[in-house]
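Input: one structure, supplied below.
Should a chain be cited, it is by its letter among A, B, C and D, assigned in written order, with residues numbered from 1 in that chain.
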Amino acid sequence: MSGGFDAQASGVYAIAVTPFHADGRVDLESVDRITDFYVESGVTGLTILGILGEAPKLDHAEAVEIAARVIRRTRLPVVVGVSAPGFAAMRALSRSVMDLGAAGVMIGSPPSLRTDDQIVSWFGQAVEAIGPDVPWVLQDYPLTLQVVMTPGVIRRIVTDNPSCVMLKHEDWPGLEKISTLRKWEREEAMRRVSILCGNGGLFLDFETERGADGAMTGYAFPDMLTELVGLVRDGRRDEAHDLFDAHLPLLRYEQQPGVGLAVRKHVLMRRGAIACDAQRKPGASLTDAARAEVEYLLARLARRDARARLQPLAA
Amino acid sequence: MSGGFDAQASGVYAIAVTPFHADGRVDLESVDRITDFYVESGVTGLTILGILGEAPKLDHAEAVEIAARVIRRTRLPVVVGVSAPGFAAMRALSRSVMDLGAAGVMIGSPPSLRTDDQIVSWFGQAVEAIGPDVPWVLQDYPLTLQVVMTPGVIRRIVTDNPSCVMLKHEDWPGLEKISTLRKWEREEAMRRVSILCGNGGLFLDFETERGADGAMTGYAFPDMLTELVGLVRDGRRDEAHDLFDAHLPLLRYEQQPGVGLAVRKHVLMRRGAIACDAQRKPGASLTDAARAEVEYLLARLARRDARARLQPLAA
Amino acid sequence: MSGGFDAQASGVYAIAVTPFHADGRVDLESVDRITDFYVESGVTGLTILGILGEAPKLDHAEAVEIAARVIRRTRLPVVVGVSAPGFAAMRALSRSVMDLGAAGVMIGSPPSLRTDDQIVSWFGQAVEAIGPDVPWVLQDYPLTLQVVMTPGVIRRIVTDNPSCVMLKHEDWPGLEKISTLRKWEREEAMRRVSILCGNGGLFLDFETERGADGAMTGYAFPDMLTELVGLVRDGRRDEAHDLFDAHLPLLRYEQQPGVGLAVRKHVLMRRGAIACDAQRKPGASLTDAARAEVEYLLARLARRDARARLQPLAA
Amino acid sequence: MSGGFDAQASGVYAIAVTPFHADGRVDLESVDRITDFYVESGVTGLTILGILGEAPKLDHAEAVEIAARVIRRTRLPVVVGVSAPGFAAMRALSRSVMDLGAAGVMIGSPPSLRTDDQIVSWFGQAVEAIGPDVPWVLQDYPLTLQVVMTPGVIRRIVTDNPSCVMLKHEDWPGLEKISTLRKWEREEAMRRVSILCGNGGLFLDFETERGADGAMTGYAFPDMLTELVGLVRDGRRDEAHDLFDAHLPLLRYEQQPGVGLAVRKHVLMRRGAIACDAQRKPGASLTDAARAEVEYLLARLARRDARARLQPLAA
């Protein structure tokens, strides 16, 4: 398993949540606590200020402070989301965090891109904005970003931009895309990039079997994700699926768009990784019914995975 | 459990696949066979010629022939998908199938609708087109249909159009929407409609607990769906979740957009319900890797559910 | 100027409106009248059952009856819009109208297509559906059809499908696209197709100068369009622009999405080309304010173009 | 004509371009020059850092510097575009520019909003972010912003948020929307807001007649826009249309999405209002063919409007 943020990277990059106090201020103590939590979960890297890190709700100064704090706290590579509607903001944030010691940045595309050429050209301009020496992750997430990239387009971007070292794969469905990219790599028709999978981990069992190097997602049990990736790497297929299947009911529940982040923060709070599950406004919160469903799922999971044995919620 | 297609309907309406021969001709014998298969699975109704019934690939005569055959074959209510870009085609197909004895029709909205008023007005025009005496299902499926309906918009449509008897709920996430609609019904702020859930059944465990009357989906184990709805109705919550969780890995695999229909038809063929898993062109087919994944999921499922114990695939 | 519907075609193909009585029935007498009107306007062809021909509001029998009537009435080539969500309906209508003597068909793409490969592949399947011997027009209309085609994608479609003889160009902005396609043609990097321009004619003055062969649009003064194309062909640039500019205020008013068809039908009725300006439901109608604006624009136009000197509206 | 930025505001707010040197640096001297140019054109206000002000290409410091410079340079009200994907950035820019003396801000919605409630709620959150005391313009621009607002939704936003003083109306088509809003105002069913029209001015002739208070657009002849608004206000209808029609061929050419800004900057450079027509990357530039077309349109316009009599371009 590679220790660095490069085209060989594997394992799990946790998509970090941003902890807030109930009144909406950033909870810096919880930033430390969850950083430690991720590290202890065995992740190989951290991705901060992504979509589910509530980055658009942070101003520049807050974003930089959080990045600085996480980077100081861990020796693991830290990747920072810098997607922005304009290249000026992308450049500014990218420079700030690279100066602070970030390992690289992650870039997702704006929804206006339609044709293959528009997509390829936009990423070229993004690289020109951040500078050709900054390693970066290409985020392929059509469900949310509204941009559809064929394997051929990904190859063009990877070929045009040597600083692209990783694909955050979250196309849906996407198993054949992984197989195609890995086949091209074997045939030397495309250089290698690391492929880590997002989409809440909903297909991670098979994605890793298809050739993905691991996960980049924020599921509230990152320790399960790292164990799963290890089992697959060791060829212990049935055990990997047993573990995955035990988590799938909760994982699926957390993967719901919109409300999923509330579930994730709630479970992380229940596990003691953050002090408060609040989102900065505007954000969804869990209804009583939803909270009870999460407790039920945790209780069921606890019978199969000791990690889910939590203290009961105070009434 | 209601036997009729009305606002009290419950249980499972199977979204029927349309069987084809390998050369693309409709396989009428398999139409009979799968109709019997659904009936024996305990469903309370059938929905034919939906999106996953490959309806747009059928010409009018074929569509009418299939509808006639299914309606003759079963005494269960048969609902027919009549969504169309224009009201003329919708009216024509609706009249044809109602004359043949269909219980009602299902209508989904075109992607151009944006504002609340546009949506409400369009459904009013659709009802004017098919006639106010034809009972119909409102399909709420933003992921595919691109139209987002608030609970308030659904209430307006239901109130304006007494012939709307059922909601095919497949918003995602959608648990709170069910709770809101059921709350309004209890408060007599909205008349009752049957709510059956689609979206491949991915949240059926909780949807039924939130007040849905059952499922309208095409998962290849409709017998599991009917058993699940029964367990929930009988208050056997843990058993319901045990059953659901056993199927979730396969159910999730089948729920993938695009490729999911190929999985579904393949499993239905493996279960003997249709002779051939071909889709009429254009359609996705399973790669060898995907087929092996489905076999693996079936084998794992077979350990927990005898229904999945199938003859091995011929090499 | 070519007389046939082929890759050399030039001049104006009128996008024909479909006349209805006030009660929504097809007005067959006006179908004849407007066919004659278009012919007398000097058009080189007719395109019927397009988006602005209210085709989705017609059932199959009505569509076929109208096509038959227009085809019988004129010796000019008649192209029929056959865009449909499914290939079965597209094939059925295409066969019917080709049997009746249509010169060819027009095909626009569904909004779900995103990547270059998806677009190219979909048109290949469409050609397979209608048969490789049916000449057809490729409609490139991103504003309404939601599909964006680069010049390269158009070249791939044209190259893959020898039966594609014409491009209905209505990208916006699109002048450089015309220049690119014509440059490729001159360099023998792409075979010739006829390029006729839509988009209500809003850029026809420069489109023809960039190499378009004429217009395919439904502006209520087709006689102006044919005169304009002739002036450009004869190199009488200033006269062409003088004519165009005189019409631009009204032409722009008619080009408004949604309400534009009501303007167009109203002016055609004012010119005596159809008996009634009603649209079949659902359709926009002109408010009193809008009708007065159209009258004002006609009165202003009448000072510069005698064709606009109409009888006053009855109060 | 109101001198302030409030619900009575009328006249023309120029959407200001941001001048750059050929190498992409902000051209501060031209910022001054074009500010003076707009003032001399008779505008009643300025809107800076809008979509066509290339705002997303500016970093925060540049944006603030430009705003400060323009605000210092003129006593006219200056409105600043603060649309951003997140409320943190919106709040930060809004505070900065209000501190500098801006009259207010302009807010457009993100493309993800679909239902009426989502739109109303989002604007409420935006006002909470910038503070309830900051006067602001509601931008209604579906063609670019992808959000469709009914008159009823606009009324809800205006009613909920007393700090909303102006509507930038650029729905298309939108004449009836203006009439509806003004009718509600007359019936006291909605409080008054100023309505200024965008969309490049393409319908300004009739929009002002329908009750709009003027224009907020960046057409390169703002002096024509101010004259037009004055003629309409004085009831000199035919003269207003004569003036408008003379400009319509160029105005339409400039209104093309994407390439339009290049046309606008080019004409402003030709008129001496900025030193260089370059856009910061990424931006469209004019081909030789397009530049020649603009020259031709200017030459034709010069025959009818002396303002267009410019020095010939150096070869």
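Here is the rule we use: a residue touches a chain if its C-beta (ideal position, glycine included) is under 8 Å from a C-beta of that chain, and two chains touch if they have at least 3 such contacts.
The model shown is predicted, which means the values in this text are computed figures rather than measured ones.
**Q** Once the contact rule is applied, which chains count as partners of both chain A and chain B?
**A** C, D
**Q** By the touch criterion stated at the start, how many steps lie between chain A and chain D on the shortest route?
**A** So the least number of steps between the two chains is 1.
**Q** Most remote chain relative to chain A, going by C-alpha centroids?
**A** C
**Q** If you average the CA atoms of chain C and of chain D, how far apart do the two points sit, in angstrom?
**A** Averaging C-alpha atoms per chain gives centres 33 Å apart.
**Q** Based only on mean CA positions, could you tell me how far chain B sits from chain D in angstrom?
**A** The mean C-alpha positions of chain B and chain D differ by 48 Å.
**Q** I'd like to verify one number: the distance from the centre of chain B to the centre of chain C, where each centre is the average of its C-alpha atoms, in whole angstrom.
**A** One centre to the other, that is 39 Å.
**Q** List, in ascending order, every residue of chain C touching at least 2 other chains.
**A** Residue numbers touching two or more other chains: none in chain C.
**Q** With touch defined as at the start, can you tell me which chain B residues reach chain C in the complex?
**A** The touching residues are 55-60, 62, 84-89, 91-92, 111, 121-122, 125, 128, 281-282.
**Q** Applying the document's contact rule, which stretches of chain B touch chain D when the two form their complex?
**A** Contact set of chain B toward chain D: 114-118, 148-150, 152-153.
**Q** Considering only the defined contacts, which chain C positions touch chain D in the complex?
**A** Touch list, chain C to chain D: 172-173, 175-176, 179, 202-203, 205-206, 209-210, 241, 244-245, 248-249, 252-253, 256-260, 287, 289-290, 293, 296, 300.
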